[in-house]
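Next up: the structures, one after another.
What follows is a pair of complexes built around chain A, which joins chain B in one and chain C in the other.
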Partner chain A sequence: MEYKQGDCPTKIISLHDLPVGKLATVSSIQAAGLTRRRMLDLGLVPGTRVKALRISPAGDPKAYRIRGAVIAFRKEEAQQILINYKGE
Partner chain B sequence: MGLTNQSSGSGAIKERFGWGQNTRADYVIALAGNPNTGKSTVFNALTGLNQHTGNWPGKTVLLAEGHYIHQCLTYKLIDLPGTYSLMANSVEEQVARDYLCFGRPDATVVVLDATCLERNLNLALQVMEITTRLIVCVNLVDEAQRKKIQIDYDALAAKLGVPVVPTAARSGVGLEQLIKAVSGIVTGSIETKPYVVRYKKEIENAICRLEPKIKQLVGEALNARWLALRLLDRDQTVIDAVENWLAREDRLTTGIKEVVLA
Partner chain C sequence: MNRVAICSGLNELLEEADQINPGGSLNLNDSVVSTIYSRAEEIAGGVVTSQGKPPVDWDKVLDDILTSRVFGFPSMLLLLAVVFWITVAGANVPSEMLATGLFWIQERLTECLVWLHAPAWVNGLFVEGIYRCLAWVVSVMLPPMAIFFPCFTLLEDMGYLPRIAFNLDNLFKKAGAHGKQSLTMSMGFGCNAAGVVACRIIESPRERLIAMLTNNFVPCNGRFPTLIALAGLLVMGATTFFGATLIVVGIVVFGIMTTLAVSWLLSKTLLKGVPSSFTLELPPYRKPQLGRVITRSIFDRTLFVLRRAVFVAMPAGAVVWLSANIHIGGVSILTHCANWLNPFGQLLGMDGYILMAFVLGLPANEIVLPILIMSYMATGSMLELDSLEALRQLFAGHGWTWLTAVCMMLFSLLHYPCCTTLWTISKESGSFKWTVLAALIPLGIAITICFTVAQCASFLGWI
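Moving on to the complex of A and B:
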């Protein structure tokens, strides 16, 4: 956990754990191979802002706003994306 | 080993894909873009629905081919499958990439979705790494306007170093300018200076070492910097495609030699 100029603490969590309606920035992509390539192609690089939009009735997948597009990730994919979450 | 009519443009399509016997074209234009950016709408608007679809052998991907006439010249349009990237994650991407790299169209139009420009620009940059003869067509501007998205096209064109044409293909807006830009590119009256993505120092050093060797092998026919990057990626699909291409070129040049000897 790190602190930035009196801001609220930034936590590194997985994208899957981002509450609906909250914003965060990508910290790193843990996926490898084709999945990683695909995520990078969708614009998920360190620093990209993501927002959790909604959860499907079954709780998985979840929809996120990434660079102006709505993209759904399954839990296993979202868990491979680590984000900096300030709790805003 | 120069570019021959057979090895580039419509010749390459004919050889690889067995089309084009019935329509003669002066220029071949490829349409690339993300899925659902209205590529096919642009295609239909330009060709006036004068299209028939061609099936790539052994592949399930449907491609459309059509033509339009501008100032007495026939332009053949190839509608490539919609892709987010050219890194060949899927058959569609491989088809699009192989066509842009080995089919060597006279110009490529990259269709971008104005409502989602940021993500779409990824593909534009990737295409710019392969070819300098491209036009960026920002489509769905009507949709973007409705969503109150404002785009500075001049700034975008200046930054990218290629012509940027806003269009709303559904209602025919901007198509005239697009046709003009395409003709400017193929005739050389518009010069492009595509933005080059620079990588980390280690990668750039490796490219510097690979590039001259690749140039020796393929000459000017293929983009050496792009091939160097794919080699560094260890992209086996590209290596296979280049080997195929080299084998074909060899056949072609030995064919020419035989003709000369005879």
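Moving on to the complex of A and C:
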């Protein structure tokens, strides 16, 4: 398979693994029930752009920019969100 | 006939829906939300224009410092220390001025009663009991509250509290508690009853109970002035403000550690379970609206808390005066009670009068120190109490050492919450059992810690 210059292969990883400062788009939400509902309410639908902003000094949670708001997820929640990431 | 037809029609429809979407596997919710968001994006894209990025993104700059790996925790401690330093340094002068003014009025009141030929007990009960207790509450409590509340409201208004939650969340997660507990804990600095009400933001009943039961381990505004005064006594001299600030910050950090430890114990024993999910929004920082901050903190909080303290102080002052002046077998009731509590108090590094003050202070923690001063003054020699130095002499005259001050601070930090908070817990939890535990768990911890500290200190020969 060939890619255009500067284009990287798209990987599906969990939001938790998105490095700080990088952008990605939401692929799917694995959570169920109330947690899934919360995530949908925040606008986390397939195709939404998210950016990892910072990590808490205690190591967890991480903060992400989602539709202009800054939202922090613990590791457990962020691992339930799958994203398309064009990593290097 | 119609109804039966509708029912069977409905069942058919539901069956058909279930065939198309077995067990909700199509995730209709998702498509609904997706459609709403893409439509909203479309509309917003058509009508909203943005002016480009501002030259400096202050949110990012501030967050890079306040939540960074290196400066996150130190900046939190520093902010806490600055707030306390302002409170400690700023409250001193107005406190003395209020005390001088209010006790000048007390003398005039006594003169007035003498001129009216009122019986001695009227002067005693109303002036030396009720009025003096009121004067103590106002002069000791009002200045620190009037400084601390606006400072705290300022931090709240700027949007700093969610950053505390962001920084501390991992510790709360490890303790098996909800991340929002750091928010309810911060509310507890203002007032524990308010902190308990704030626990409504935690959805899971298990984690809400943990947050409610541990809220009183951060000192509320009613206890800060006591802690500040005792810290000031510990470090008399030129470095008073600095030293007192350090001690109060140390006490607060110890309180937070206790909160985490007790939360962990509760989630391993009485309230077993795993932490539930949560999302935390970090809102943009806002320029605080100074006027609103001051009115809100002075009128809604300071005056509200002060009014409650005053209403409680009046009967408490009467009780203390009466028990100090009604004698049974040549000894006053106050002394009887204090003597009875004294052996236990000594075990905990304190004395009977201090324990009495904590018992009588159940309605409001604000009145613990005023009651103690009144009790000491009713039993010892009368003196003009217009400075910290005079207070130190009064306490030293009753056998205080540094250990007494430390133990009283620890007991004040850890003991049962005031009855307003307990009443709020009973209303919020709807359970008598949990309300009783909310009083007994902190009391048990306070007794254990004070006992350990006092016995270790005397065993090691520090006293």
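What we mean here is this: the second predicted complex is superposed on the first by the 81 of 88 C-alpha atoms of A that agree within 3 Å, B and C clash if a C-alpha of one lies under 4 Å from a C-alpha of the other, contacts with A are read in each partner's own complex, and residues count from 1 in each chain.
Simple rule for what comes next: a residue touches a chain if its C-beta (ideal position, glycine included) is under 8 Å from a C-beta of that chain, and two chains touch if they have at least 3 such contacts.
In this text, all values refer to a predicted model and were calculated from it rather than measured experimentally.
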item	value
Of chain C and chain B, partner touching more chain A residues	C
First, second, both or neither for A:Ala72, with chain B first and chain C second	second
Which of chain B and chain C A:Pro46 touches, first, second, both or neither	second
Chain B versus chain C as contact partner of A:Asp60, first or second or both or neither	second
Which of chain B and chain C A:Arg37 touches, first, second, both or neither	both
Chain C-contacting residues of chain A that also contact chain B	34, 37-38, 41-43, 69
Chain B residues touching chain A - in the complex, by the definition given at the top	84-85, 87, 89, 115-119, 122
Complex contact set, residues of chain A against chain B	34, 37-38, 41-43, 66-69
Chain A partner contacts - residues on chain C that touch it in the complex	29-30, 33-34, 37-38, 59, 63-64, 67-70, 72-73, 166-171, 173, 179, 203, 275, 277-284
Chain A residues within the chain C interface of the complex	29, 31, 34-35, 37-43, 45-48, 53-61, 63, 69-74, 76-77
